[in-house]
């Protein structure tokens, strides 16, 4: 049995450079009993929205005592704060870049306790450019081996965190305005719209190209769509996805990560 | 010592999306003592033939009690069966898509016991689109922690499984007709021809482009080929490979995964 | 507690083919208590200089008793020697291809003990093309489970190893001539110049294209550069990097891995 909590890793380091290997090596030295679990290291460089989605979608499937080390950090070396969050036994470390935005906007997440760990972070002798290995890893190891998060920083009100426009959908001119958080390997386009949000059986999606408009049938599985037909479904990730059966919604609907999408309801097509 | 069997993973999920991380997280929760070993997650989307090769080539190198969780599943959400197989102590979970085809056509593999696990699979509350995490993972965990495969499904005759044309080479007009299962990182083209199949020292390969025909010398190592020369060798994966020394057979012979190749013997060139 | 040393892996096998999975499976069978830690498997095919950099930069962050299994091997199947090295408790296995060149040119590394393991390697029944799985893995497992390196080969003088031109920078016509070892995911260009080498606050870099010359400010963090400005900094990897703030030095300076760079000092621009 391991006495240490598992540590989940989420970065934009990629799997070619030796950065992930050095991060895992540092964690292995500092918390040798911890199981290291990768969420993804292929977040688009500086892709905070994509990382926020990966984290919010994945955390519920991880062990209840997991520590999440998240580094997608456009501001490394600048003065941005290092944040710790605690929610239902899980603990999260991330730069204050909006990365925790979707996790903390989930139902029930207002119970999260937030801490500013910047002062503790400043006590580490760190390379100027690789805070993941030199600061986040030792902090994660301390959490995984039993140190309480509250001991590492000062409590902070959740409202003080950086907030990004994609953290929640908004109504605009009768349409639901949301954002393509991520396009997956199969071309499914994940929207910044939680699947507990009720949608009518038929929606119309405007993609950002002027005049492009697609009827989207709300279905339960890809197989319910005809070949070449676009649809919307509550996927496996907790957010609505635009999908095509055995094809790519990305290509069918000409969408890319970061695009805005307007959803219209009950409209004659 | 771990009391749980190791679990080998083979999917087409890629390493960017958070799917592999969620699959591994689910397995870590359900079988925390199991060692998780990746075969590959970069199978071409829906690339059943490539996955079948990866599995057949890799299983002999894995521990004798390993559980293999294989998800390359063009039919997720449709009615396809979920298959369990047991062969020499190793256990295999896969959709009935042909994925087990090369494993089960190996010498001695007619001793495998096959089960249809669809009824047990149906008892899980699953997302419609991610059966790997929601159905395969709990089934794999049950096998890894000691439940017998026979308790999870109904015995099925091997002849009832989906069979793909690439599962075995055939003779056609005096040529041995086989299939490019996979092109590896170094440009080697793996054929659907086991290397215990005797070949003469010189073969002629026709690629599918009309009129393209290459003399291929049968060699033991890449280094025996002259630069730019194409050859065939019994590789490290149990199947013949077409190769070029310090170069790419894929480019030299203009082959792609899925192509048919006709091999001729004893013919004047 | 594990009684076995951790094993670090560095290869050019990529993460699509099943080679890494088979290598890890073999190690799991032979050294089941060893923690397997990947440095990278995405070294450019046959990219010995890149691999040498990954190894030299990463080893200091790994556990003091780690065994490093390094396979970037243009000469597989030819007669090249298999080398073992011991330095400060860590042990290294690599082909004699220059891969250990940057590790062994580090300050203090002349204390390393070098062995030729070719005779022991020859006792394994191996596929002709996959020595990583069939020879390196069993040797690494023997080291990890306690066998001393000296028992596996004959002592060899370090001067007898293959040496590559990029192993150390040289002075040429008043300029410091070095080499782009690696371009990372963020476009930073790592030079074959250790960061304990003193540089003046301003340097001028010539890239190989005739006439291209860039003023490079020596900075401590990316954030100290203006957008679009190129700079040099002692990075997190022990070697100088050419960098651009929130941009790609690779594109700004039109550099590629393998390029030569000449650095000039104190010169009017």
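The first chain written gets the first letter, and so on, giving A, B and C; residue counts start at 1 in each chain.
Here is the rule we use: a residue touches a chain if its C-beta (ideal position, glycine included) is under 8 Å from a C-beta of that chain, and two chains touch if they have at least 3 such contacts.
In this text the structure is predicted, and so the values were computed from the model without any measurement.
Trainee: Once you draw an edge for every pair of touching chains, what topology comes out, line, ring, star, complete or other?
Mentor: Chain contacts: complete, every pair touches.
Trainee: Same or different, please, for the chain B to chain C contact, judged on whether over half of the interface numbers appear on both copies.
Mentor: different
Trainee: Need the CA-centroid distance for the pair chain B / chain C, whole Å please.
Mentor: Inter-chain centre distance comes to 33 Å.
Trainee: Provide the list of chain C residues touching at least two other chains, using ranges where the numbers run on.
Mentor: If we look for residues of chain C contacting two or more partner chains, we find 15.
Trainee: Using the touch definition up top, name the residues of chain C that touch chain A in the complex.
Mentor: It comes out as residues 6, 8, 15, 35, 37-42, 54, 57-58, 61-63, 182, 184-186, 220-224, 233, 235-237, 246.
Trainee: Give the list of chain A residues in touch with chain C in this complex.
Mentor: Within the complex, chain A contacts chain C at residues 12-22, 24-26, 28-29, 32, 45-46, 74-78, 127-130, 133-134.
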